[in-house]
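Order as written gives the chain letters A, B and C; numbering starts at 1 within each chain.
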Amino acid sequence: MAEITLDRIVAVQAAYIRCIDSNALEGWPDFFTDDCLYKVTTAENRNNGFEAGIIYADSKAMLIDRVLALRQANIYEKQSYRHILGLPTIVKNGGNEAETETPFLVVRIMHDGQSDVFATGVYIDKLRAQGDQLKFASRIAVCDSSRIDTLMAIPL
Amino acid sequence: MAEITLDRIVAVQAAYIRCIDSNALEGWPDFFTDDCLYKVTTAENRNNGFEAGIIYADSKAMLIDRVLALRQANIYEKQSYRHILGLPTIVKNGGNEAETETPFLVVRIMHDGQSDVFATGVYIDKLRAQGDQLKFASRIAVCDSSRIDTLMAIPL
Amino acid sequence: MAEITLDRIVAVQAAYIRCIDSNALEGWPDFFTDDCLYKVTTAENRNNGFEAGIIYADSKAMLIDRVLALRQANIYEKQSYRHILGLPTIVKNGGNEAETETPFLVVRIMHDGQSDVFATGVYIDKLRAQGDQLKFASRIAVCDSSRIDTLMAIPL
């Protein structure tokens, strides 16, 4: 079957972070397949073979719950975030799935305007074509630093 | 009519920041249409419906004036800048125009070598094809932080 | 002859930094042609016409030596790095070579989790097609800051 083009991969990666950074979180779960895996972990955890990570969800329903919880916590007043994605690598591509790795950098902007590097790492993704849409069947956000805020206010 | 390809969008976005970061400012106004809109504003201003912003120009002639003023102020000795663009989202595309959003991060490098995050935000653009060239009919740089230097030395 | 596509340029740029950031340095020299030029320098040096730079290698063999030296120094325990690449500009393209410029940002993550901007700059590259592979015939990493650690632990 045809390969998934770079254009489509760029489009879904860019749309995903646009959704988060514009605080349109209710649309975030729709980037995933129903039976998705979503995980935030650290490079150290990963190297040590620890599966758990910081955030773990294995269905779209769990992601919807997470958004509800974040909205109730009403944390957004305090800061905003800006994701910058580097160029993606296509590790595997064929049939209706592509495996990609995309470096990320997240800057946190505090209410007083102070900006700092909040997180860096790499998204390890399995993308699946569903009709003309591309969904995350699996997204593992591997953070470089082990000092990640466990009360993380936003999805990565 | 045909859509504007991602390749062309990437090319013009990359060329724009290359122009600025290599201090070739005299070429900067040429990225715009004659009747362009160029605006630098903050997310807070935008959310509050304030139109003014930090910088406002509604013609290419005003951009040319701005470059002249910056050259007279002769500010460039003191620092340099590096723009890093994230992956662009194509919001709308058809005819000879495309609407895109591209996240940016600007690092400022002081004369003593100190580097820090100067600004983050998103470019909200309307690109128009003119022959084989793509021009900014409108570029609104929305900065995440409200603490932006109002004596901004460079265009964003 | 056909031009080298943006897709292929993105692929090799992304694969290069993936190799470094995943600490797979032994694969790094293979991104270059045998008779390559690899140089790390600063914008200030370059503007002043100094050729030497911080790192200079004019063959793939020298790059292999460099990796061996880095492995013996065994520096990797102490920190990790994350390269974020901006959108590339294709300056020239034809025959089996393309000249490109790609902005970069490198974040250093210390063992205690502290992250900071380690370097910014631009890669000035000459890419050469060899069969279905794209190799760096020349890569000059021009750092914006003159305060670059001369005991640089990793290749840029």
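What we mean here is this: a contact is a pair of C-beta atoms (placed from the backbone, for glycine too) under 8 Å apart; a residue touches a chain by one contact, two chains touch by 3 or more.
Just so you know, these numbers come straight off a predicted model, no measurement behind them.
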### Message
If I superpose the C-alpha trace of chain A onto chain C, what rotation angle comes out, expressed in steps of 5 degrees from 0 to 180?
### Response
120
### Query
Same or different for chain A and chain B, when you check if over half of the residue numbers at their contact belong to both copies?
different
### Query
Taking each chain's centre as its mean C-alpha position, how far apart are chain A and chain B in Å?
27
### Query
What are the residues of chain B that contact at least two other chains?
84, 87-88, 105, 117
### Summary
As the complex stands, chain B meets chain C at residues 7, 10-11, 13-15, 17-18, 21, 80, 82-85, 87-88, 105, 107, 109, 112-117
#### Entry: chain B - residues contacting chain A, complex
6, 43, 84, 86-90, 101, 103-105, 117, 119-122, 144-148
